[in-house]
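Presented sequentially are two complexes of chain A, the first with chain B as partner and the second with chain C.
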Partner chain A sequence: LSLAAPPKEPVLMCRSNNYPKGFYCSWHLPTPTYIPNYFNISVIHGTKDMVCEKDATPKNRCHIRYLQLFSTVKYKVTLTVTNALGKNFTTLTFDEFAIVKPDPPESVVAKPVPNNPRRLEVSWQNPSSWPDPESFPLKFFLRYRPLILDQWQHVELSDGTSHTITDAYAGKEYIIQVAAKDNDIGTWSDWSVAVHATPWTEEPKHLTTEAQITETTSASTSSFMAPPTTKICDKGAMVGSGAMAVCWTAGLVVAAYSILFI
Partner chain B sequence: MAAADSPSAALRRDLCTRGIRLAGKMRADVLDLLDAYVEQQGLDASASVAAVEGVPLAAVERWDEQTGTQRLLQNLAAYRAFRALLAQMLEEQREQLGEAEAGLGRALAALLLQVSAFAYHLEELLRLESRGVPGEEEEEEEEDGPPPPPRLSLFEQKLRGLGVLRELAQWAVRSVRDLRQLAKPSPATGAAPGLAESP
Partner chain C sequence: DSWGIFTFLCAALCNLPALPALNCSEELGAGQSIQQTYDLTRYLEHQLRTLAGTYLNYLGPPFNEPDFNPPRLARAERVPSATVDLDLWRGLTDNARLAANYRAYSRLLCYLRVLDGQVGTAELRHRLAHFCASLQGLVLSIGGVMSSLGYPLPAGPAGPPAPSGAPPAPNDFLKKMDDFWLLKELQTWLWRSAKDFNRLKKKVPPAVVTLRLEARGF
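Moving on, here comes the complex of A and B:
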């Protein structure tokens, strides 16, 4: 059995994710009252009352159109909640610029770059809710790290919706996110949905010698298949015997490839 | 076949780009100066300041419907006014305060230079469009009519200074937006739109 209660001070948030069109305010109660509650919101700009149009969904949200831009006069939003047992309210006062916060970038894609073991190409799109990115351009913040490490790398980008990471660890899977901010005002968006990508790696190839010894297939080494006419080394430079005999030159090449995979 | 940019369109875009950088730097410096001003003048940073006579308000309705000429003329009038207001603030600063606030005085002087440079930049843009640059002499003649307002108290001077800097910070953002609109190429020809056209 839950006891009905008067409302506690409501939690109110206002934000502009579609500047310069307008802003929205949303609210909720910190604890349930178990009886119906009625919300009333008022928005004042200087001496002018503004209309906050209720959204169809969610029901605890309304939006206001800007009638003026670049005003130094603050907005004052008061939310009152009433139920059968009592009443409470909260007030927010803010500047036009302070509440500008875009939605995160959309369609983030990260791809390996062929033949480049340390690069990842990342692209994204402006949030669809941002109405005029040409007149009100966004800047972006990209963060990335290999899954095996906790430390993020950060890059701030003042234009464009793509970036090439050039210092990725070869062969390691990365997690990448992007955030957006109006170029001049407001705060950073939340981080975008994370994407994963691994830089390009060369496929393992087989190493052969003039004696046509079959390939070694160790997981930590790489070998390549030389063209039939290629002479890699003389018989006199061979070491080992039987199927595992390799020449010094081939051995050095194998060692070099092995280092790449550490 | 896409039309190539005319030399004047390219020059306008170049002037707009430089103007955007000037306005961006100006805004950053105004915000730094605001912090220092509030602290050194002993003011409350959140204090509301009523609109003061003579301080051009950046607030505008239907901003997106303005023509290029309207944008340039309103910007020019504003920065000319700020030039005079900042010069007055600097003079008052020198009278009131000694060495302790010399840094504030230097910052005000530097900002005054930036505002003057930006006003000149706007005049260049207007000349580029063969628009008449309104003379400041005409503005002064209009001001000969009413008598000068009474001298403000020290506290009133401080509050007015706060209002001037806050409004200048808003104008700097508005100017960046206005210049971006001006720099946009026309969708029909690929060249920059004429200033009489909206936007």
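Moving on, here comes the complex of A and C:
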């Protein structure tokens, strides 16, 4: 049996992920009251009262359009929550620039680079919520590490939406993330969705070694045991369309050895 | 007559920003100058953070409180405000954009120099002097960009800032308020300038620099 309660001080957050269009505020109660609550939000800019338009979804969120840019006067947001048993409120005061935080970069893709066992090519896109990257460019922060290690490596990039990692450990699977920030103001976005990638690895050398071992261990009969080519080609670590080409090359090498022993 | 002294001080100190553009910025080309000006605004913004912190502490509470959000008093605007309607800002011509920055920083420099003569502690005087020197560099840099693009420099504040300029504050608290708003305007202008110069960077292609280098037989 839960007891109805008056509201505790609500939690309020305001953020501009679409600078310079405007900002949004979202809120929630830290503990449930078990009865309906009514929220009222007011925004004051200097002497002006502004209307924060409630969003359909998610609930408990509203947005405001900036009328002016580069304001010296702070914004004061007050959230009041009321229910049958009581009332509570909280206030946030901030400068236009302080709440700028973009959404994370989108469509992060990481690919191995053919014939380069220590490289990974990473590319991404500006968050779609950022309205004007031409006039308000974003800078990016890339972090990457092999799955087997805990230490991240970081690169900060002041322009462009791609980067080539050149110091990856050969053959190791990597986890990669990107974050964004307005070039001059505000804070970094959250990290993007993580992507995994393994640098290109060279297969044929491995296959030649196996063929030589089979040659020496088998009895000096006319029959020649073909090394298990299928097994090598099915190896999980192989990435990209290079795998098919390597399988064919392996087949040719085996054929060449077979001819030598007939 | 304190108003007369103020006027005289400004007239004496404000003739400096009206220097003609330096030859070296023309050689570099507009593209490079815009980048340098952008870098300067970022450097100044960084410097201002330290300076403002020290100065506001010197002024004491409530000026050094992070939530301090006073109403703008009905005293005449001394410095052109960085605040602007979004569409208006977007639509500014390169000339207008540069001129707005040039005028604002010339005025701000003037007021800061007056401040420099009045502050109490040696540390503050040192910091202010250093900042003023950097700000002077910014004004000259903007002037250089304007000249290399063929724009005339706006008439500098040769005399006291606008006849409608505010009379000196009648009491100590209001004087501190003036100082608070001066620093606020300066901070906002530096944030705005970063965006102004970003826009200008896009419009002046680096090809301008390349052409000049080729002309010199590189």
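Note that the second predicted complex is superposed on the first by the 203 of 262 C-alpha atoms of A that agree within 3 Å, B and C clash if a C-alpha of one lies under 4 Å from a C-alpha of the other, contacts with A are read in each partner's own complex, and residues count from 1 in each chain.
One rule holds in what follows: contacts are C-beta pairs under 8 Å (C-beta built on N, C-alpha and C of every residue); 3 or more make two chains touch, one makes a residue touch a chain.
Treat the numbers as computed from the prediction; the structure is a model and nothing was measured.
With the C-alpha superposition on chain A as described, chain C and chain B clash in the combined arrangement. Shared-chain residue A:K76: touches chain C; no touch with chain B. In the superposition on chain A, A:L67 makes contact with both chain B and chain C. Of the two partner chains, both chain B and chain C are touched by A:E134. In the superposition on chain A, A:I185 contacts both chain B and chain C. Shared-chain residue A:P20: touches chain B and chain C both. When the two structures are aligned on the shared chain, A:F97 is found in touch with chain B and with chain C. A count of residues in chain A touched by chain B and by chain C gives the higher number to C. Applying the stated contact rule after C-alpha superposition, one finds that A:T47 touches chain C and leaves chain B untouched.
Using the contact criterion defined above for the overlaid structures, shared-chain residue A:S2 touches neither chain B nor chain C, since it reaches no partner. Chain A residues in contact with chain B (one complex) as well as with chain C (other complex) are 20, 67-74, 97, 134-137, 184-185.
Against chain A, in their complex, chain B makes its touches with residues 24, 27, 48, 57-61, 63-64, 166-167, 170-171, 173-174, 176-177, 180-181, 184. Chain A contributes residues 20, 67-74, 97, 134-137, 184-185 to its touches with chain B in the complex. Across the interface of their complex, chain A is touched by residues 42, 67, 69, 71-72, 81-86, 89-90, 181, 184-185, 187-189, 191-192, 194-195, 198-199, 202 of chain C. Only residues 20, 46-47, 66-74, 76, 93, 97, 134-137, 183-185 of chain A touch chain C when the two sit together in their complex.
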